[in-house]
Amino acid sequence: MALDKNGIAKRIAQELRDGYYVNLGIGIPTLVANYIPEGMDVTLQSENGLLGIGPFPEKDKVDADLINAGKQTVTYLPGAAFFDSAASFAMIRGGHIDLTVLGAFEISEQGDIASWKVPGKLVKGMGGAMDLVAAAKNIIVALMHTDKEGNSKLLKKCTLPLTGVKCVKRIVTDLAVIDITPAGFKLIERAPGVSVEQIVSATEAHLIVEGDIPEMKI
Amino acid sequence: MVLTLGKMNKVVKDAMEALRGIQDGMTVMFGGFGLCGIPENCISALVELGIKDLTCISNNAGVDEFGLGLLLRKHQMRKMIASYVGENKEFERQLLSGELQVELIPQGTLAERIRNGGAGIPAFFVPAGYGTEVQGNKEVREFNGKMHVLETGMTADFAIVKAKYGDTRGNLIYNYTANNFNGPMATAGKITIAEVEELVPYGELDPNHIHTPGVFVQRIFQGTNYEKRIEFTTTRN
Amino acid sequence: MVLTLGKMNKVVKDAMEALRGIQDGMTVMFGGFGLCGIPENCISALVELGIKDLTCISNNAGVDEFGLGLLLRKHQMRKMIASYVGENKEFERQLLSGELQVELIPQGTLAERIRNGGAGIPAFFVPAGYGTEVQGNKEVREFNGKMHVLETGMTADFAIVKAKYGDTRGNLIYNYTANNFNGPMATAGKITIAEVEELVPYGELDPNHIHTPGVFVQRIFQGTNYEKRIEFTTTRN
Amino acid sequence: MALDKNGIAKRIAQELRDGYYVNLGIGIPTLVANYIPEGMDVTLQSENGLLGIGPFPEKDKVDADLINAGKQTVTYLPGAAFFDSAASFAMIRGGHIDLTVLGAFEISEQGDIASWKVPGKLVKGMGGAMDLVAAAKNIIVALMHTDKEGNSKLLKKCTLPLTGVKCVKRIVTDLAVIDITPAGFKLIERAPGVSVEQIVSATEAHLIVEGDIPEMKI
């Protein structure tokens, strides 16, 4: 059965490693924070200037001066640090963040990502996404494998304006975990109960399938 | 309050006095991220002054009834330079009608262009935007096997920032994530105005904890009636 | 002391453990300005380890019997990259004899090259050095009617910095002018080592006052026996 | 009579204005701090990361963590701020310092300055001088008009390696105050008791002398 958003987040959480500094984008990526494995020490960075995001505040502890990049009120954990936006992106651009998780509209088999603009629709802006994808050492994209009409979001070439080129390393969708290799998309894991055939047919681009493809352990 | 005697005393009475000399058509930077850390008093004063045709540089464009949305509502903006402009219906309307121009810049590039504008670095290479619309006609070059885009430093006629604490010589300390674009913008204004929640005599702030040294600030005042509106209140349960 | 449990605990026992993996021929940044804010413990440990052929990046080269002068005396340096190398007779001797190479860089350009190395900016234009020997074969370009030189970002195999306070996650706070090159260098090491006068459990430092966020620091320890030698003691009368 | 070093510093102090941020180089420029006019509020910047340098400390208040760019122990004044070297030169390069005073070996009539290297002698380095001369809005050079052999230091062209080109605005020597104009050196003031002829003969480059040249008021 295809994963729901929380399932995707759970699977991505398995990519975390002890000691990682991680930037989580808005949407499904934010949910990853709920599934950080017990005992694992992961520090979340918010590009508006916080290293060490804590959970949402108690009702009476809400502080307008303490928000995340999604403009939601948050808390900070012991050992946190605050800094300005230039310092924050110096940190990102300089490769000091171990992992960036973000959403997307489309991914190409080259690792290109389109996530910020749909021609004809109102453009809100790229925010920090272009900086993050251009600079993070390791980028995982969380997205649904197809849109509501069943059109694949994993394409030979993106049709929408790009956010970054040749940068995505791994994709986790409702159907599969897929790596971007020099030869293109490569199937790594299937969602529980989802067949290789289902995944291949939901993927517009060629999908490399080698040997037995294990099911995700969620 | 002990004030500095000479010109090092940068204290002005209020936002109105701080904005002396601002004119139609000027370029103005506004600190803040979303509604967090925005210079509320100066925005209100600009609405009152009715200054028009502004080019506004700010990470976001406020919401309909608050922040830079107040300037939008009065049609005081000619151009908005930002990284993300959601959360604002009037913005949308003016953009679609052609009343308003918008230039979207990746957030990190925007922050660095402002930082470098203040730091006397006229141009620098970043990886962000390569191979995208943002690249446009900009020069590109490979460094360490990776393509980069040449971006330029950015300054403004006025930079308007908000801090938690300030002293009479313009030293500033920000609170939590309300630092954001305020820190870099404070360095990039031909005239930098700081409005603060608490203005203290110079010498009271720990010199090791200053975020923005006073040299960058030309005018400072203690703001009033801070609303500090929250865009999305999220709580535990 | 409450320590972080996992890999976020960056605490090592001492300078020897902090320097694990350092090898002959590596490039190493040393924080400090003159003898102010230098990583005394790591310099001593490097002497003890006898690591050779180092390329040292530091604003200055220490004095004969202290600071980087200790590495010079043991002939552990192949090249020194600095802005000012006075106050050191042995340095002079090795330079004239050809044992030591030296590359002089304007202080502000040096600081910015390091800052940008850590910030992922591979190249940038500065006015300093235009029309001088420093320009050399570098690309020059005019911006705003003024000539500029293209300089590059700079990183190192190890960056070794010294702070007054640090916590177990590597957050650092510097004291007075002992910040100097420590702040920028902390961001530019493939491995950054911080030695601190006082190591505290994480959560004890005010997150608004952190100069170097822990993300930049891989190893940290509380140093011992700081001598904090003064180059020129000047007093009132 | 030609001025001594303190006289030069005194004359330069007259260039200060209320509210100025000033960087004083090592040597004669440092002495300027002793002659800041009473009641004038001038903030001294030290490029190693201090805005608001105070006087030398009392003997028991010496702190190794608190030095100026000359590596001398200092104090800081109320309202001071500390910052790192990159931030310090961002301040300088960005034109936020109103006045830089520094020494030199030679000055050309174009406003070029040579101050850091004498071929054949050991080179100690340029320190922050190249950054300061390239970026300060206003640069005053303090130097003796001639060297010990009587050779002029005010030249048509510098003979020594340059620190910066076309940057110096004003020179204060033991003999005169001289501006650098598009047409070259222009005599502004004479040291008390020094004649225009003496100054002209001590200046290798052409010296523009227009009208009566007043004596300095020291």
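As written, the chains take the letters A, B, C and D, and residue 1 is the first residue of each chain.
To be clear about the criterion, a contact is a pair of C-beta atoms (placed from the backbone, for glycine too) under 8 Å apart; a residue touches a chain by one contact, two chains touch by 3 or more.
Keep in mind that this is a model prediction, so the values were computed, not measured.
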Overlap of the chain A and chain B neighbour lists contains C
Between chain B and chain D, the fewest touch steps amount to 1
Contact-pair count is greater, between C-D and A-C, for C-D
Here the gap between chain A and chain D, centre to centre from mean Cα coordinates and rounded to Å, is 55
So, in whole Å, the Cα centroid of chain A is separated from that of chain C by 35
Note: chain C sits from chain B at a C-alpha centroid distance in Å of 33
Taking each chain's mean CA coordinate, chain C and chain D are separated, in whole Å, by 29
Listed in rising order, chain D residues that touch 2 or more other chains are 76, 82-83, 87, 89-90, 92-93, 135
Note: chain B residues in touch with at least two other chains are 112, 115, 119-121, 126-127, 174-176, 207-208
Chains touch one another in the pairs A-B, A-C, B-C, B-D, C-D
Given the complex, residues on chain C that touch chain A span 4-9, 115, 117-121, 167-169, 171, 187, 202-203, 207-208, 210, 213-216
Contacts from chain A onto chain C in the complex sit at residues 17-19, 21, 39-41, 43, 45, 51-52, 76, 78-83, 87, 89-97, 135
Contacts from chain C onto chain D in the complex sit at residues 33-37, 59, 82-87, 92, 95-96, 104, 106-112, 114-115, 126-134, 164, 174-184, 211, 228-236
Chain D contacts chain C in the complex at 46-50, 55-59, 62-74, 76, 82-90, 92-93, 112, 117, 122-132, 134-135, 161-166
Listed in rising order, the residues of chain B that touch chain C in the complex are 112, 116, 119-127, 141, 143-144, 148, 152, 173-176, 207-209
